[in-house]
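Look for chain A in each of the two complexes below; its partner is chain B in the first and chain C in the second.
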Partner chain A sequence: MASVGEEIILDLQKQSLREVNRSLHENSPSLAGQSIQILHPAGHHSVAAGVNVAAHIEVQGHVGYYAAGMTRQATITIDGNAGCGLAENMMSGQVRVKGNASTCAGATAHGGLLIIEGNAASRCGISLKGADIVVGGSVGHMSGFMAQAGRLVVCGDAGHGLGDSLYEAVIYVRGELYGLGADAQQQDMTDEDVAQLERLLAAAEFSHKPQEFKRIGSARTLYHWNPDADLEY
Partner chain B sequence: MCGIVGLLAKTDDMRRELGQFVTPMFTCMAARGPDSGGLAVFRDPVDPPLARFSVYAPDRSYDWSRLDNSVGKLAASQNGNSFQVNPLENHAIVTAATDRDSFEAWLGEVDPSLYLISVGRSMDVFKDEGEPEEIARRYKFASMTGSHCVGHTRMATESAVTPVHSHPFTAGEDFCLVHNGSLSNPYMLRRKLEREGLKFDTDNDTEAACRYIEWRLQSGEELNDALQHAFRELDGFYTLLMATAEHLTLARDAFACKPAVVAETDQYVAVGSEFRSLAHLPDVDNANLFEPAPEEIYTWRV
Partner chain C sequence: MSHRPLNLEESASYNRHVIEYIHLAAERGVYDIRGLGAKRQLPTLDDLVFLTASASRYPLEGYREKCETKTVLGHHRAERPVELEIPITIAGMSFGSLSANTKEAIGRAATEIGTSTTTGDGGMTPEERESSKTLVYQCLPSRYGFNPEDVLKADAIEVVLGQGAKPGGGGMLLGQKISPRVAGMRTLPEGIDQRSACRHPDWTGPDDLVIKIEELREITDWQIPIYVKLGATRVKDDVKLAVKAGADVVVMDGMQGGTAATQQVFIEHSGIPTLPAIRLAREALEEMRVSEQVQLIVSGGIRTGADVAKALALGADAVSIGQGVLMALGCNGSHWADNGELVDATAEYAQLGVQPGYCHHCQSGLCPVGITTQDEQLEKRLDPAWGARRLKNYLQVMNMELTTLARACGKSNVHHLEPEDLVALTVEAAAMAKVPLAGTDWIPGERGHG
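Let's look at the complex of A and B:
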């Protein structure tokens, strides 16, 4: 690990991905509060996955699949686009992507804040389990599928099948809704929704007003199996 | 899995170095498809009545001098020096003034162990089973020149691993297709097309898609209209990358669960299953980078 002043530099042109990730994992206690740059990611998969320390990590370029997956405590910024499964199953901390994210961003994430400044592709926040996701642009089809807890904030449009089979996660959309999934419904905004949106938009550094958003939640009709439904779902 | 790559050169410099740029794209995607690989390259067309035929020999040390146009049915139809055999390991690109049926009949006479894998005026196809890195080395992909190319690395899920089951698949003339995904109704399509008189080389699902789309082109449809029909008739998951002498065309199914990334600059259009296969391309960080949307057709003109 080369260190310039206080900043630690990890270069994927000079070190293997395994070496870079291992140095983030094995030196965890000493990295708390440190700034770390990861250079030349060149679309590698699993960049900065499994980090468990309150370090500030900046990735300079586009990353492949599962970047910043399983993150705990860390603040990770990706200055580029991210492939499938960005911040999958993150537990806490913050992940910010300055470009776009591919399918399944924030899938199963339990905690923390995921910010995507550009667009997210299909299935953003699928099976969300408690994290918050703020997308500056639009999300693709089947986003928020079976999301259980947490919030998905979409500043642009949402593709079809939004929130299909939602549990208790809540989705906020500022732009067009191209179609809600089974059991998802538009609901009235409460004061609590406005307060949460204000907090998340400020944290994500977007200037939209909470009042510009629509709230999508679960109609809770799929919570129990209905033998009389006759395949009408 | 399976990896797909495509590169369309917009400048003469890029055309001369097409193979240099596409080979790392192809070998990078070997991780997605380690059992076979192939590349279709489009070059300056030969003038009619000449046509280009890509021929595959299962014997890796095949003696290509056996392809002699003085024997059999091809003898009478040839004049002057138009007949050429350019061997490259166990492939040969044959240029001859004839059509597919006559050529295939002649090939059967000369040596029934040989396969005809593509016909056209611009397109050459090289494909085989084995590690994609080794295939790229053996067929000298890095030295290929041309206007555009389409490559594939295969991880077989639904039919055998053989040279003819590997991609690109071709049908008709100067048309090829590579596929990442799997179809659930290839036999239905196949029965439909067999009733129309089409012949199949394999039981592969991609071949069914390739022949279906080319059959629609033969009926006079434009590729976009043929693909609109394909969206309705192909059941399953697919990212399809196709090429004709004039176009490179990309389409994904409605679920869009098979990946693709596009990078476009003033110099090139590049398509790959994953961004890392494009990361070495010149000025890629400033390219227009995007993921193709579901059921959208993206076409670039050569």
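Let's look at the complex of A and C:
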């Protein structure tokens, strides 16, 4: 682990992924509050997976699958695009991607804030379990599938099947809806929705107004197994 | 008016069971959901027998000579492989489907006898972590309760792709079992009928699974083994893909495997029996030349020490049991124990429309003996210490039966049992197990055997 001034440098051109991640895990106590640069990610998978320290980590380039997977406490910025499963099962902290994200961004994430400045592909926020996701652009089909808790904010458009089989998560879409999934419905915005949107947009540093968004929530008709649910089961 | 003689000729195609099924479907408009495993007659390990020693083989002395049962899983890549005293492990069963007391009883028994237990859908409870020396943490499609803190407490991770009772299908936990604690662990509203997803949320095929497994290794710093659990369908292809994806251990669950609740049509009509699945899985490992690196655990209808011995002889490194565990704890028994006093539970079985010995109503949450329930009163019916003692006894009996058969075959290590020790009693079993039909050298389907 090299150190330049106050910054810690981890270089994936000089170290293996295993060494970089192990270094982030094993040195957690001493990394709190530190700034860490990860250089030359070059599409590596699982960069900064399993990190559990309140450090500022900047990844300088594109990453592959599962970047920042299962992360806790950390503030991670990816200066590039991210592959499938970005910040999957994240528990807390913040992950920001300056480019686009591939499928399943924020899958099953329990807590924290995931910000995608560009677009996100299909299944963004799938099985979301309490985290907040803000997407600056559009999301692909089946986003928010079986999302249980948390919020998905989409500043652009949303592909078809949005919010299919939603539980208690809420989706906000500013642009066009290309079709809702089973049991998802457009609902009236409440004062609470406006307040939450204001908070999330500010945290993500987007200037849109909450009133420009539509709220999508669960109609809760699939909460109980029954034969009258239009064969959804 | 003269009466015709009574004619009770029953249709084979439309017998009383089929007519009852059609009547109920017509009346209710919903299919049946139930627990446990397939009830239909299937080719099983009972259709095999051992050719124990005689003049041509040299037996070991009954319960005196040493017969090794130690089993090591996942030693190829993991820095901390799973080391067990016996090759009989406890299958994944969720907190939610089972009570916390039941999970604790299982953990205590497994620890005492030196084997592993496994979490299930819904996450890891403190009770089972504290009571289990070796705990396998399942990574399921729903990811209910799945979190990095518990990943780091685990002794192995099992990525579940399928289950023998319902390969290709997700689980169901009906509202009556979604108690406040279960709901909290799963981040779901209380009392809803919960559906577990049938496929993982963050990967879509075997090429992705390679990367997913690598992520789990990175998060755990390559310390612990990664298992991949499959429901037995296209066994050879699936095992090969699991190995290619990086599995340290493949868990193959045959169609006799149980479930907390799923559609009956799944339980009875999907997947293949454990008997052929074992042999196909072993062949897949041999064809890939990874038998020394990747271990095979087999589950689904493993009930006795004889079943364990036959599974090992056909190629399993270990077995996993679920329904037998519940029965050892009192499932389908007529009584439960209140401070050592046996209390009759047949009235509660009657309320479910069943009798002890026939019950499969795990889905109802009304388990008369307090095992598959979240009801505060019912769950008290299983005392963890009482249950642990019974389960430990059951595991001990199975292990003694296993070593008895192994010694009689002349093996000083249960892992030395081999297909050559077995013959089949039926043509079907001979074809599936790829061992000769008893009294012949005929293995149906083998080249040169017709």
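As a convention for this text, the second predicted complex is superposed on the first by the 228 of 233 C-alpha atoms of A that agree within 3 Å, B and C clash if a C-alpha of one lies under 4 Å from a C-alpha of the other, contacts with A are read in each partner's own complex, and residues count from 1 in each chain.
Note that in this section contacts are C-beta pairs under 8 Å (C-beta built on N, C-alpha and C of every residue); 3 or more make two chains touch, one makes a residue touch a chain.
Worth saying up front: this structure is predicted, and the values here are computed from it rather than measured.
Engineer: Please work out whether A:Asn52 is in contact with chain B alone, chain C alone, both, or neither, and reply first, second, both or neither.
Structural biologist: It touches chain C, and chain B stays clear.
Engineer: Would you check which partner chain A:Gly144 touches, where first means chain B only, second means chain C only, and both and neither mean what they say?
Structural biologist: Neither partner.
Engineer: I'd like to know which partner A:Ala121 touches here: chain B for first, chain C for second, both or neither.
Structural biologist: first
Engineer: For A:Ser102, decide between first (touching chain B), second (touching chain C), both and neither.
Structural biologist: Touch status of A:Ser102: first partner only.
Engineer: Is A:Asn81 contacted by the first partner chain B, the second partner chain C, both or neither?
Structural biologist: In the superposed model, A:Asn81 contacts chain B only, not chain C.
Engineer: Answer with first, second, both or neither: which of chain B and chain C does A:Ala42 touch in the superposed model?
Structural biologist: first
Engineer: Of the two partners chain B and chain C, indicate the one touching more residues belonging to chain A.
Structural biologist: Of chain B and chain C, the partner in contact with more residues of chain A is C.
Engineer: If you stack the two complexes on chain A, which partner ends up touching A:Gly61: first (chain B), second (chain C), both, or neither?
Structural biologist: So A:Gly61 only meets chain B here.
Engineer: Using the superposition on A, tell me which residues of chain A are in contact with chain B and, in the other complex, with chain C.
Structural biologist: Looking at chain A, the two contact sets intersect at 45, 64-65, 84, 103.
Engineer: Which residues of chain C touch chain A in their complex?
Structural biologist: Residues of chain C touching chain A: 28-30, 33, 142-143, 146-149, 151, 172, 174-175, 186-189, 192-193, 195, 197, 201-204, 208, 211-212, 214-215, 218-222.
Engineer: Help me check something: in the complex, which residues belonging to chain A touch chain C?
Structural biologist: 17-18, 21-22, 25-26, 45-46, 49-50, 52, 64-66, 69-70, 72, 84-85, 88-89, 91, 103-104, 107-108, 110, 123, 126-127, 129-130, 145-146, 148-149, 165, 167-168, 223-227
Engineer: Where on chain B is chain A touching in the complex?
Structural biologist: 255-257, 259, 274-280, 285, 289-291, 293-294
Engineer: Residue numbers of chain A touching chain B in their complex, please.
Structural biologist: 42-45, 61-62, 64-65, 80-81, 83-84, 99-100, 102-103, 121-122, 140-141
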